[in-house]
Structures are given as C-alpha cells and as structure tokens.
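Letters A, B and C name the chains as they come in the text, with residue numbers starting at 1 for each one.
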Amino acid sequence: MPIQLSNVTHTYSEGSAFQATAIRNVNLTIEDGEFIAVIGHTGSGKSTLVQHLNGLLKPTSGTILIDGEDLNGEKTDRRRIRQKVGLVFQYPEYQLFEETVAKDIAFGPKNLGLTDEEIDQRVRRAMAHVHLDYDKYAERSPFELSGGQMRRVAIAGVLAMEPKVLILDEPTAGLDPKGRDRILSMVQELHAQGGVTVIMVSHSMDDVARLATRLIVMSKGEVVATGTPREIFQQVDMMKKIHLGVPEAAKLCALLRARGIDLPADLYTPQELQECLLAKWKEAHPC
Amino acid sequence: MLKNITMGQYYPVDSFVHRLDPRIKIVLTIAFIVAVFMVHSLVGYAIVLGFVYLTSRMANIPFKMLTKGLKPLRFILILTFILNLFFTTEGTTLLRLGFIHITVEGLSQAVHYSLRLMFLVVGTSLLTLTTSPIMLSDGIELLLSPLKRFHFPAHELGMMMSIALRFIPTLLEETDKIQKAQMARGADFESGNLLQRAKAMVPLLVPLFVSAFRRAGDLAMAMEARCYHGGEHRTRMRVLKITQHDYLACAAMAGLILLIVVEGLIL
Amino acid sequence: MDERIKVEQVSFTYEEAEDPALTDIDMKVQPGEFVAVLGHNGSGKSTLAKLINALYIPTQGAVVVCGLDTRDEDRVWDIRQQAGMIFQNPDNQIVATVVKEDVAFGLENLGVPTEDMPARIESALAAVRMNEFADSAPHMLSGGQKQRVAIAGILAMEPSVIIADEATAMLDPSGRKEVLDTVRRLNRQKGITVVWITHFMEEAAQADRVVVVNQGRIARMGTPREVFQHIDEMRELHLDVPHMTALSAQLCKGGMPLPQGILTVEEMAEEVCKLLCPSN
C-alpha cells in the first residue's frame, strides 16, 4: 500500500494574522515494508507531515495518494483509510479513557463494527504485539499501570486496528532507557515479522541509525534530504547546518578522519566502527 | 493553530481607555448600566449612543467591533421587541388587526427594552474589549478584597481565575490532540443523533479530565515548591494605581449621568 | 566546609504504600557541587528530590538543607527559598500568563517589596538569557524556553541549590542542551549547587558526581568515570552507559589499550588517536 505525496503544502490559519506554513511542497513516495524515520528540528513540520498521511490534516494544496486513491477525494472514505494507516501520537497514554485495558484497546476495532469475537481476537493479538500478558493486564484499569505500560496499551489500541502502515510520533519521548528499549524492539518486531510499514518521527539519531531503512530529513517545512542512514549520516556538515546531530559513532568517525586516520567516511554504527578500529589496531600491532 | 486564539474578546491596542485602572472600569461599567436604565426618552438614548461612540473612538476600537457583540444576541433582541410589542395591551390603541393589538405604550416599551439590552451588551463589551482577562481578574479580586473580612476568598478567587486563563490555551491544544488521536482510532465526532454524539464525547472528555487533574496536582506541587502559601503576607508585582486619567474617566461618567438626569427633568 | 545538603539514614514510605520508596539513604552534597542522580522510573529518585525541597518529610532519618532540618515546620519556606526545584513537565509549573509575572510569582510569595521586583526579575531572566521574552505568553514558547523561565522563577528567589527533577525528560535534544547548559553555567558562575535527576546518561556524564538509585537504595556513587566503568552492572539496573564508554570497553576487549571510563566523543577521538594516528 504505497503512499505518494505530491507538492503537499499545509498552511495553518490561512488568511489570518497567524498564518504559518508548516510544510511546503513535499514530494515523497513511501513503499511497502520500509522503515522510515522522519528527523528534523522541533518545528520543522514533522508532526504536521505525518498527520497528513491518514487524513487528519488536509493539505492546503497538493495531493496524497494511498494505494493509488486520492486521500482527500470527495468520495474517499477517510475513516476506512485511517484504519489502514495507524497513527500513534506523542505521549499516546494521555488518550486512554476506558475502565479496563482490554476495553480501551477494543475501542478502535469496535468503531470498525467488527463482531465481538473478532474484537476479542484483535485485542489479544495487539496485547501480544506490545508484550503485555493478556491474563495479567486485560482486566486492569489502564490508569493503574506504569508510564511505560500505559504507553504500550495506547500503542496496542492503534495496533488493534491492524494497520498496514504504522506511524509513530516520538514513541519513546519521556521514557527511561528500559522503556525506550522495550518500545523500540517492539516496533522493530512489528516491522520485521509483521510486515508493517513503519514511519517513525524521532529525535534520537542513535535510535534512527540502528532501526531505519530510510531517513527523511526535514527543515523549515521542507524535505531537505532523503536516503539511507549511511548516505545521510556522512553529511555531517549539512546536518549541523539544520541543527541536527549525527550518531555519536558517525561523529567519532568524522573526528578520527580529520586527524588523519584512514577510515571509510560512511561508518555510523558503533559495531562497524569497532570492527574497523580493531582491524586497524591489529594491522599496526601484529602479535 | 489553536495556540493562536485570542482570549476572550480583548482587543490589544494601546489607548487612554485601555490604560485605565480595571477596578475603575468595572465600577464605571456598572454606573453606565445604571445610567442606561435611567434613560426614558429617545434623546437620552442619543446621548448614551454619543457617549459610547466617543469612548470607542478614544479606545481605538472600531465601532464595528462593538456592534459585532450584538450579533449573537439578535434573536433575544427581536424576541424582547416582539413580546413587548404584542403583549402590552393596555393604553392607547395604535393598531388593531384581528387578534393583533398594538398600543403606543407597547411600542414605546418594546423600543426601550431592546435599546437597554443593546446598550447593556455594548457597555460590557467596551469593558472586555479594552481590559485584558488578567487585568479583569485582578480588578475583580481587588474590588472583592474588602469582603475578606467576612471570610470571602477574594485572593483565592483571583488566583483561580488567573490560573484558568493560563491553562485555557494548553487545554485547548490538548483537546485538539486527543480528538485527533481518537479519530485515528476510528472515533466519529461528527455524525449521529444527539445521544450518539454525546456518547462519542466520552473518549474525549475522560482523558481531558484525567489530564486536567494531573496538571492540577503537578501545578499545586510546583506552586508549593515556590513558597506559595495563600494570600497572607504576599506582595504583588502588578500594583494597580489610580491616576488622574481615572478621575477624568469618572468625571466623564458623572457628566453622562448628570446629562441624563437633566434631560429627564426638562423633557 | 559544611555540606549544602545532608541526607542521613533517610527512609521514606508513601502514606498508602506498604513498601518504602527509599531506604537508608546517606548522601552529602558540597557547596558548588553538580550531582546527577540516575535511576530508572520508579527507582525512587524523584522522591529523593522532593525530600530535599521539604515537599516530603522523611519517615526516618533527617534531611538538612543549608543547615536547616526539613522536619522543622517553621523553616519550610526558608528551605524552599534556598533549594529551588524545577519539574519535568514545562507546562505544569508555569503559573502566570506572562513570563515576567511568572518569574515574580516566587518573589510575591516571599513578600518581596514590589519596588525590588523589577531588578530581580530582570537579572534572573538575563541569567537564563530570556530577557527578550519577558512580556511573552508562556504557551507560545518552546519546551526548553519554558524550562528556562521556570529556572528564572527560582533564580529570582536567590537560592543556593537548584534541584531539577527530570527537567529535560520531555524536551527535544536542543531543548535538553539549552536547559542543561543553562544550569551548568549557573553552577560554574554563581556557585549554585545542583542536584540533577535524569535518565539520560550523557547528561549524568557531565556531572561532578553520579548517584545511582535502584529500588529505593543507593546502588553506586562516584565520579561519572568510576560509575560508568561498571557497564554490566549499569545495564542490570536497566540503565545504560554513554555510547563511547560502551565502545571503548569493546575496543579494550579486542586488545586496544584504552584507558577506562571514556565518556565523550572528543575524549575518545583523543585516546584512539594516541594509538592509531599516523604521526604517533
């Protein structure tokens, strides 16, 4: 279910004194099975962009095709498309409202008008995806859980719609290292085993380097670069110019190259760097 | 973006009227309402209209802004007019057409009541257009503070009003976000009958309340950490001072009332 | 020299809870020190922060801040004036609708005369470089800016300690840097003692001392270098170590003689260069 954006522009409060263009002339194609990370400084338009992908925001101009269908066409059933393109907002635990975890996760499937049996199946599947034990948690109040667990319940609520594309807006914001790792490994599993296309907005270059197959770099409402992490993270200067960092390994690689150590320019994960440096060391000190 | 909404209907320009002490403005607004009720002739209303017009000019507020405030009230105005016109049956008959019976007194009462209502709205709009919500809450707090002697919580009331003002934009933004998040899960806020729509609000209202309580708890702790312990021994950064301009404004209002009284005696 | 903060044999149990949130905590903070407190969610690190500010009173033991015992009810306001606190959510600690009025809030509570306020507000806003926003509405600011306003609100009260309870947790990387840099500058230039509660290892790496809290007890205490050397132990506590510390440990395992406890990219580049640079 490819998503295609052509010349998408969004202006808030058009015509008023507060008019502000959040994204400008965005052209993108997102293919099935990609793991895309959207990176950019706060206010670069990342959140506005992802809200267009399931029709929560309408472009001021330009078109969005989902599976070849115009998302904002007059006859398009946007609620049907929202089911296929799931969106997890920032701090999604703040949207929980039901008495029990199971009921909250069932909210989406219920809106789809599914049978009770199907709903129950979906709730169980969604809870398994986010590593919450059904027997232990299904009947508990979501408000009694820890912050990390609440977030997983909220994500399960979107997963229960069984979307083909999953968009996550900073899914690890505010969590501790353990919580961060849990969410990220869960997303990774969904992508690798569930065949879900993932689009993740993130501020952590190290996470992005580890997970994404392609990066979309945004600055001031425009897409300034797209490419594999390897392609993007070599461009240390470009990233600096738009106030973004690169993973620490890429930074170290650039520093060492500047000092005259002969390393490939495109290293960006600690593992690669470790292998390269050890190889160099063994070369210099054959024992 | 919801972030940018203007609060209340404050019209942020600088003017003589904007700079007046909010306490004086509140008192003068009340005096104005009393003055309007003292008017008994069309000439009197013309004087009041002139006063309102002059004030709006001095406040740098387009006259249109004032009349805009009347728009949501047009049905009530029309209703007031019609009720008074048709249901006052005593007095000199002006027109009798089948069951319709209009008297001179009815017509005059209809005109009076609708004009009074209009001026009432215009007068209070003048207050809210020229006074920021925070100044308004300050003014109310200070005007009520003599009641502290009778254990009236004037300080707490003022603090509540200003915190409410501070959190309105935050909560509006949050409402927008929760609404979108539930729409992403297939929620429908737009269709269905009244009952269905009310039910559809639950997924929006519950998280909003939960969040408001959480914020209230956090804020209470943050206020305590910054040594907040009620209104006792508390000083204020914003001190309201009555200036000559305020006396001038009072004199103008006194002039208006005097004119109305004199006009009532002559005519 | 006298300690700025002295936590002696402190245990704390929440009213409705059975198990204590903190047990036998002993910790001293010297004037001018920058101490980071690390721990995963629920480890008790926020509770510790609130004990120092007298928002909570220890169930057992004593917390003494600037020579004042938090159990002494008459001195609560003095303690809170001395030890200012910033919290996690930038939105939920700003009281007023205008920046400078929010900075004034603490001063109003302390009963500072009105005529003294403008100067104190101005210098507090200048110290966090937010002067130009004095008349702005807080909801129009970024997260990092809001936190700086919160810091200014505390600075105006002229404290000797700042306690930051995960003040960067909800910010983006540039906001985090902005806030940490501000507090570090105040620590260096004004000698304000800082207790910095966080779960970002890179932030803790910049502290003079790190205290690791786990299940309500102090698990480890020392300089960042000492603490982060224990990579396996930190991971067991569901914490992490800075990326460079982890990488240097791996390189050591592979035979490269790097010193232990490397924390930053710059240090790492320096040390690797000593071994591999062509000129050496």
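The rule we apply is simple: contacts are C-beta pairs under 8 Å (C-beta built on N, C-alpha and C of every residue); 3 or more make two chains touch, one makes a residue touch a chain.
Being a predicted model, the structure only gives us computed values, none of them experimental.
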| item | value |
| --- | --- |
| Pair sharing more residue contacts (C-beta pairs) when B-C is set against A-B | B-C |
| Greatest separation from chain A - chain, by CA centre | B |
| Centre distance in Å when chain A and chain C are each reduced to the mean of their C-alpha atoms | 30 |
| Interchain centroid distance [CA atoms averaged], chain A/chain B, Å | 46 |
| Multi-chain contact sites of chain C, meaning residues that touch two or more partners | none |
| Residue ranges of chain A in contact with chain C within the complex | 41-43, 146-148, 173-179, 203-204, 206, 243, 245, 248-249, 251-252, 255-256, 259-261, 270, 273-274, 277-278, 280-282, 284-285 |
| Interfacial residue positions of chain B with respect to chain C in the complex | 3, 133-134, 162-163, 165-166, 169-170, 173, 214-215, 218-219, 221-229, 233-239 |
| In the complex with chain A, residue positions of chain B that touch it | 1, 4, 174, 177-178, 180-188, 202-203, 206-207, 210-211 |
| Chain A-facing residues of chain C, complex | 40-42, 88, 142-143, 169-170, 172-175, 199, 201, 238-240, 243-244, 246-247, 250-251, 254-256, 265-266, 268-269, 272-273, 275-279 |
| Contact set on chain C toward chain B in their complex | 50, 53, 55, 77, 80-81, 84-85, 87, 89, 91-98, 100-101, 104-114, 117, 121, 137-140, 153-154, 157 |
